[in-house]
Amino acid sequence: MWEQAELTPEALLDCHLTPVTFPFFQDIQVMLVVGLGLLLTFLPRYGFSAFTHNFLLLNFSLQWALVLQGLLHHFHHGQIHLDLHKLLISEFAAVTVLISVGAILGRASPCQLLVMATCEIPIYLASEWVIVTCLGVLDVGGTITIHVFSCYFGLGVSKALFRTTQQPLHPKETPTPSSDLMSLVGTLILWVFWPSFVAVLCQPGDAQHRAILNTLLAMSAGAITTVVASSLLERDGKLSPGHLQNGSLASGVAIGVVADMAMPPVAALALGSLSAVACVLGFRFLSPLLRRKLTLHDQCGIHNLHGLPGILGAAASVVAVLVASKDTSGPQPSQLSPAGGNASEVVEGQRGVAGQALCQAAGLAVAVGASLLAGLLTGAALRLPCLARPPERLCFDDSQYFKIQDEAESPEPDNSTEEGALALKEQV
Amino acid sequence: MWEQAELTPEALLDCHLTPVTFPFFQDIQVMLVVGLGLLLTFLPRYGFSAFTHNFLLLNFSLQWALVLQGLLHHFHHGQIHLDLHKLLISEFAAVTVLISVGAILGRASPCQLLVMATCEIPIYLASEWVIVTCLGVLDVGGTITIHVFSCYFGLGVSKALFRTTQQPLHPKETPTPSSDLMSLVGTLILWVFWPSFVAVLCQPGDAQHRAILNTLLAMSAGAITTVVASSLLERDGKLSPGHLQNGSLASGVAIGVVADMAMPPVAALALGSLSAVACVLGFRFLSPLLRRKLTLHDQCGIHNLHGLPGILGAAASVVAVLVASKDTSGPQPSQLSPAGGNASEVVEGQRGVAGQALCQAAGLAVAVGASLLAGLLTGAALRLPCLARPPERLCFDDSQYFKIQDEAESPEPDNSTEEGALALKEQV
Amino acid sequence: MWEQAELTPEALLDCHLTPVTFPFFQDIQVMLVVGLGLLLTFLPRYGFSAFTHNFLLLNFSLQWALVLQGLLHHFHHGQIHLDLHKLLISEFAAVTVLISVGAILGRASPCQLLVMATCEIPIYLASEWVIVTCLGVLDVGGTITIHVFSCYFGLGVSKALFRTTQQPLHPKETPTPSSDLMSLVGTLILWVFWPSFVAVLCQPGDAQHRAILNTLLAMSAGAITTVVASSLLERDGKLSPGHLQNGSLASGVAIGVVADMAMPPVAALALGSLSAVACVLGFRFLSPLLRRKLTLHDQCGIHNLHGLPGILGAAASVVAVLVASKDTSGPQPSQLSPAGGNASEVVEGQRGVAGQALCQAAGLAVAVGASLLAGLLTGAALRLPCLARPPERLCFDDSQYFKIQDEAESPEPDNSTEEGALALKEQV
């Protein structure tokens, strides 16, 4: 993914790296720390834990990826360079962990999460190397390498961890209006900064401009489609907050793989709408099906937000590669750049168009296969008794990990009677 | 407004547009999606709807404005170019919708809001073309074209929609401390990023630097003045959260029209303070008066936040044009630039000083007149029975549009008895 | 601190200041207005006041510092220039006030806070002039000049204001889960943007790149260390939200003074971890000790967040100066830059290495001494009867200053019976 950009450390420093890349980097930090953190607070009594674990895992995975990269580089060149670009790559590695964790949010202990991160980072780096460097897959926004990979890794872990036991609906699992609102704030922070995530590793100039515009268009279309699709699907035309929190982001996942390619705006809009529909349909029909038939537990619905739109995006990239090559010979329908852009040149030069299209499909297959296998193995490892999974009745509860009052949201210092009443109810 | 900047798509791409304009664009997205969204959550049981409708309307209006612009351009040049600059202009068009909606927040159905957006966007584009291109009004921050226009459009809609029926105080209309705090967070997000909104379309360099500094100074003065004015006006010297949420932003509205002109810092501070006083006085005295005498319903007080400060800013621009021209002949009192700046050159070149001052006043008159008229017509259209305005008792309630628990903020999963009690109370 | 950077207003305007410095400036505004404001909302019934007072003090101090700077400059050059760089320096002056206020949060009236700000700003400007211009202390991130100074100023004020009376634990002082979560959101906003705060006044290029990377590494290590240290210290391994809210930021305080120096990544990681440990240990052991032995009241624990890590950072800078000079003669272990960097050149050129190391220590001594003395005097002045400190039973209560319902978080419009019950309880 990043190898095609000629961003050597020296080049970066020469061309005044900091003002150019640093704002993008900050945007991504806000997304991951604040946006994703808030998105995960939809569990009303588990908000503090979800927020903190997300933050902890980000930092742990970032440093672990930096160390791994440093060691690899050390073997080859005998010296470790550290720059913002390396930090970015490590941050992307960390993203995969944060996504995968969504499948088992609230039912795993911090120790299990750290072990999961330790396993996932090297597998991600290897898979990314195969997909981008060996197969030459075009995937500027990490749709295949990050989103699809982390989704199926997380599902694999969940399947192996919970086996065939169906997880009953926990009483603390239901969001409250205030926790839903906080979660929606997180969604919209992610939504706003998503173009930075997709475009940060593009070549500055036309390609980056295109990536930003296509992402903006796709996400704007996705937002509207989500609202429409959700109202049509639910009884009484009432929207489901969960659909909104996820559907608006699905288009960002799907567009990533084709964002820097020259395409008519209507294609970006269509891809955005399609992925939002796929996400909402997934929540409505596929998730309950998977839960019943495969006893697959997916707490945050990562399969609907990252899996389905990721596959859709990969399919779109196959089409885009095939169409883009045809266009360069004929008249150019692109509304964004006179030349076919960087992506199609790469396609033309190295191998045939069909070859590149095949590679995109192969990349998807590698991502799904490797992640599922590795996820299942990691999930089996997480069953080790020393990793202390919390018992069911203590799941989704901040007071398990934090010195925090259990009765969330009650600011009265003298609510002892209420506490007693609640305690009584919970014993029943 | 934007025509005077020589930002052709080609020029933008050549001068590395993305790193220069993109951070401004992201700031504005944060303002509109997160900041304005949170500001509207002051209604304790309508926060989710206000936040979501704001987001939906932004996206719908943005795309609708893009389509309209594309069609117009298509007629003239036969080809549609899409770039960040066009997106920005569409975003500004969308802002007018988001402001206008504030007048009828909570009492209109989503369908009505969408129809309102559909009507407002073309009228805004036409009015902006008249004011900026035909009249040559200087208005870099959109004070006249955006704020004044959208305020009177919204009031017109409100008047025509609710006619002479006085809206009683709804029991769900009173903010709670926690909803007030969320709303204040939104205010401060808007406050922080306001300079980006004002300066994004300035010429990079001196003019942009000036616009940023003047906006910062005005908003800083406005924040302090709001607190002082609110304490002086209220009994016991207690501040009203509503004053704070709006007054701190009023100075940003007023300064927009003169932000890029060379002026002594004290002028920016004075304008900021004056507009904050105007906003607070408006909330304290004018709004109740309008409600009683004209039965004008203005839910968010947009007349105080956008109307009064906008008119004040337009008046200030008349003075600034007259003074600036005098200054260029004598010694320059400007603390910001040695030359008189872009604005006064324009004034000197095209027409006399008095002519430009007249044009500023004419621009204000056009904005007020056109928007009031169009608003009244749009409001009448919104009374169509097919658009289903919610009945009074279902206003200000998230559960009307979302699959959400009605008992906001109660995170206890087993509060069935409380629910029963509440239901009983509501039936009484 | 800023004199070593050759950022004259002319130079800034020439090199396209706005796109380069403005994003940093916006980041810092977000930190101070939104991040710090939210961090202070951990008091469940005082959130609105803490948030607003923070905002008000920032604006008041900013303008007061601008006026003072203007007057000083006026005496020397007869003309006042205003630019983003001067605003930045004033913003840094305002930061000291916002930090100091943390020691007496909730127990002081707004009038007292404004008087405190009025006193602190000129003392800070004088102390900063002595430390940076006279002593030539290297302190790019303001560790000594801002953090240490403001911490001991605040503690001095607190000591003189409350004298020997031990402040009992107020019933409204205990955070609730939702106020803790909001506060943590504030922490993470500060955490994300901290590199901008440290690097904004660095020379663009290598030094700034280094400052950003070192700060990122230190803060990442600090975040993990905080979680580990807090779990080890508390019974049952449960984390304390207070530790997390402060410990993750302590490393940012400590790294500031050495951030732009060339150092191996492991040094930044180590300093980050050490300061996080110091902060957590401070909360666990030192704060209770100071409260019992010295009857020192420190509401937000600023001594643990700003004092201890600041002293640690100053000590690290002595070591760094001594080590860096040795390195330039031998082979360079720096992983970040081939040359020794800006800092060590300064050291070499002007005075001996030992001299610079001594100056760093002297700077720390000046900051601690001057701020404690000035703080004690200011605190004594705040006891003037006209400044109306709120009585103990009205402390930590928004309804003292705002027209706000007392029963926070209860959104039911018809909770009159609950209110009555509460009122009864409070009378008891």
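Per-chain numbering from 1; labels A, B and C assigned in written order.
FYI, a contact is a pair of C-beta atoms (placed from the backbone, for glycine too) under 8 Å apart; a residue touches a chain by one contact, two chains touch by 3 or more.
Since we're looking at a predicted model, the values are computed, not measured.
Q: Chain A and chain C share one sequence, so how far apart are they rotationally when you fit their Cα atoms? Give it in degrees, rounded to a multiple of 5.
A: Rounded to 5 degrees, the superposing rotation is 120 degrees.
Q: Specify, for the interface formed by the sequence copies chain B and chain C, whether it is same or different in terms of residue numbers shared by both sides, with half as the dividing line.
A: Counting shared over all numbers used gives less than one half: different.
Q: Using mean CA coordinates as chain centres, what's the gap between chain B and chain C in Å?
A: 34
Q: Mind pulling the residue numbers of chain B that touch at least two other chains?
A: Correct list: 19, 23, 45, 178, 407-409.
Q: Help me check something: in the complex, which residues belonging to chain B touch chain C?
A: Going through chain B, the ones touching chain C are 19-20, 23, 27, 44-45, 171-172, 174, 176-181, 184-185, 188-189, 191-193, 195-196, 199, 204-206, 208-209, 212-213, 216, 220-221, 223-224, 227, 234, 238-241, 244, 248, 265, 269, 335-336, 407-409, 422, 425-426.
Q: Hey, which residues of chain C end up touching chain B in the complex?
A: 13, 16-19, 22-23, 26, 29-30, 33-34, 37-38, 41, 45, 47-48, 51-52, 55-56, 59-60, 62-63, 80-84, 87, 178, 182, 398, 401-405, 408-414
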